[in-house]
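Take a look at the following structure, please.
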Amino acid sequence: MIALLIRDFRLAMRAGGGFGLGLAFFLIVVTLVPFGVGPQSALLATIAPGILWLGALLSCLLSLDRIFALDWEDGSLDLLATSPLPMEAIVTVKALAHWVTTGLPLVLAAPVFALLLNMPAAGYQPLVLSLLLGTPALSVIGTFGAALTVGLKRGGLLLSLLVLPLYVPTLIFGAEMARRGAEGFDTTTPLLMLAGITCGTIALLPFASAAVLRVNLR
Amino acid sequence: MGLSVSDLSVARGGIRVLEGLSFALAPGQALVLRGPNGIGKTTLLRTIAGLQPPVSGEVDAPADSLVYAGHADGIKATLTVRENLGFWAQAFGNSDISQAMEAFQLTPLGERPAGALSAGQKRRLGLARLLVTGREIWVLDEPTVSLDVEAVAMFAAAVRAHLAGGGLAVIATHIDLGLTEAEVLDVTPFKAKPLEHDDFDGAFL
Amino acid sequence: MPDLGKYAEAVLSSYAISIAIIIGLIVVSVMRANRVNKQLQEIENKVKNNG
Amino acid sequence: MNLNTLWAYANPKKFIQTTDRVLPWVAGLAALALVLGLIWGFFFTPEDYRQGSTVKIIYLHVPSALMAINAWLMMLVTSLVWIVRRHHVSALAARAAAPVGMVMTVIALITGAIWGQPMWGTWWAWDPRLTSFLILFLFYLGYIALWEAIENDDTAADLTSILCLVGSVFALLSRYAVNFWNQGLHQGASLSLDKEENVADVFWYPLLVCIAGFVLLFVALVLLRTRTEIRARRMRVLLARERMGA
């Protein structure tokens, strides 16, 4: 399994690996918001947590269809299916690789982008914590969506249509936690719910993704 | 420890393509599948390799003993030859790739990114992967496509060595591999008879 | 007609829209059923005589 | 003719024969109950002292909301039957029920929004119940889109049934997340639209008839559409076999 993880990191880092893709998109989304909403800093400050969470979510969504598509085209998926690695392990490693190459950079970059939206100082720590807890769920759910649409020709649009409704609980609790943090309220309830959802998805969804991949490999 | 297939029928896109297939292979034996294109050789090989469930009948082989090589070799263009082979070795649980590199004379190409290889070299890398997995039963679909004569001889030698070492191989190919000891099975007689059209339920198979 | 008071417009519009949608769904379903049925008959006859 | 195990349970020919007899009755009853219920509710119920005549909208909103949720539950059950028993008819029944469920969700959304308008002063308020129906609508959309996107029927049935299982868990999660999220706005619990508790008897009986009407309508439509799906699938198989045979 470690071999697969290392290989995926190498692939992501190499030219055309799409490592900075999500990050660049996140920056673009955050910079576009003031153009759309207007530069009043008071307004930006109130919506900053929500915008940052939406930006992170959309950046995750953007790089989902690359998870299996490349391995599907060059036949690696078939070969991996006959390897001793159980399909559930392959799916989990793929989700982890996606999280580290896309999710983690978003978490680290979020405070910097929060400056652009002059988010209140109290909000930084809850924002980073909520993203840290929420993005793994986004990657695991996204991997499920990617597995569903791996064989389809124009699967990208369908992938977003399938995955976005599944993102709703994580988005609600994540953004709520960041917003409460920014307004100085207590953030324990949304934090616990967010962590619960993430743990639940990480524990259960790989089985569904593995089943879906086996169906698609037929 | 061999591979035995009994009364196997396989379907592609929900429709039966081959049925009633049975054969058994003891260690050291090879089987070459012949038959026109599109008759279902690939579907049969994928079912034997366990990538898809058979419609009926069963394939029994010791667990984790099969390795499948299809048309696409699973080579990552941005990784070097050594990294590609090394990954597949670790994925299958062992780490020595030098022996496989020798068998297909890939050592000089070790550090070159796979994207820069010719079709024949890529194919040799794909076949070298078989050696690295250390699996007994090779299930190969058109392995010698885009290989020049000299590479085909290299491949035949590797297969012969594999068989000598007690391995088995099921190979679908058109050209003669020079494997004298391999049995040949023409799958054309096993083509699935289309069910009579008036049985309404049957149409769902 | 019951006196609907100042909410007449809301009540009438919701009834109108809902009934229209339901009828639309029924019509679409029935039309599709007939079309598929006809196509199936054609194919079965074609298969039957040159089968 | 050897019916292999995959097929032993399901029998579309028997399904079509039985529904030939049953469908007209169900359709007739549905029409009767709907017309009766709506007329009774629309013409013969007094105004509500608080909501005035808008209370008449419950005869559309409550049944459609109930059917929207029950349609998804029915799809969940049929998906499970498909995964466990490989029962072709149940997979096709799930495919047939999805559009009907989606339409019911749309009706519930529209009538809910119109009904809430006098209270909230706007055509759309992020009331927890309405919002969870909007999310349910997105789930239906994704489910139907996945069915349309895949050619091979068996793969499509497998993938959509797994999506239905996973979707149901997340729909439930979203339902509570939305509740938490709206209260979270400290705007005070808006008057949510759960009518069941304070419905006086005189309103209750026509509502029951309407609910029966909607259920029968749902069953009739699903039976009709499932028959169409079975015939469409048979057509695809015959065409495919013709191509293969030629």
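As written, the chains take the letters A, B, C and D, and residue 1 is the first residue of each chain.
Throughout what follows, a residue touches a chain if its C-beta (ideal position, glycine included) is under 8 Å from a C-beta of that chain, and two chains touch if they have at least 3 such contacts.
None of these values were measured; they are calculated from a predicted model.
A.B. asks: If you check the contacts of chain B and chain C, which chains show up for both?
C.D. replies: Where chain B and chain C share a partner, that partner set is D.
A.B. asks: Which of the two pairs, B-D or A-B, is linked by more C-beta contacts?
C.D. replies: Looking at B-D and A-B side by side, A-B shows more C-beta contacts.
A.B. asks: Please tell me the distance, in whole Å, between the geometric centres of chain B and chain D computed from their C-alpha atoms.
C.D. replies: Here the centre of chain D sits 47 Å away from the centre of chain B.
A.B. asks: I'd like to verify one number: the distance from the centre of chain A to the centre of chain B, where each centre is the average of its C-alpha atoms, in whole angstrom.
C.D. replies: Measuring from centre to centre gives 37 Å for this pair.
A.B. asks: List the centre-to-centre spacing of chain C and chain D in whole Å, with centres computed as mean CA coordinates.
C.D. replies: Taking the average C-alpha coordinate of chain C and of chain D, the gap between them is 15 Å.
A.B. asks: Please work out the Cα centroid separation of chain A and chain D, and write it as a whole number of Å.
C.D. replies: Centre-to-centre distance between chain A and chain D: 31 Å.
A.B. asks: Going through chain A residue by residue, note those that touch at least 2 other chains and give them in order.
C.D. replies: 218
A.B. asks: At which residue positions does chain B touch at least two other chains?
C.D. replies: 197
A.B. asks: For chain C, write out the residues touching at least two other chains, lowest number first.
C.D. replies: 44, 47, in rising order.
A.B. asks: Over in the complex, which chain B residues touch chain D? Could you list them?
C.D. replies: It is residues 13-15, 55-56, 194-195, 197, 199-205 of chain B that touch chain D.
A.B. asks: Chain A touches which residues of chain D in the complex?
C.D. replies: 135, 138-139, 141-142, 145-146, 149-150, 155, 158-159, 162-163, 165-167, 170-171, 173-174, 177-178, 180-181, 184
A.B. asks: Which bits of chain C are touching chain D when the two form their complex?
C.D. replies: Interface residues on the chain C side: 1-8, 10-11, 13-15, 17-19, 21-22, 25-26, 29-30, 32-33, 36-37, 39-40, 43-44, 47.
A.B. asks: Spell out the residues on chain A that touch chain B in their complex, using ranges where they run on.
C.D. replies: Where chain A meets chain B, its residues are 2-4, 6-7, 10-11, 14-17, 70-71, 73-76, 78-85, 217-218.
A.B. asks: Could you please specify the touching residues of chain D with respect to chain C in the complex?
C.D. replies: 38, 42-43, 47, 51-54, 56-57, 60-61, 64, 99-100, 103, 106-107, 110-111, 114-115, 117-118, 217, 221, 224-225, 227-228, 231-232, 234-235, 238-239, 242
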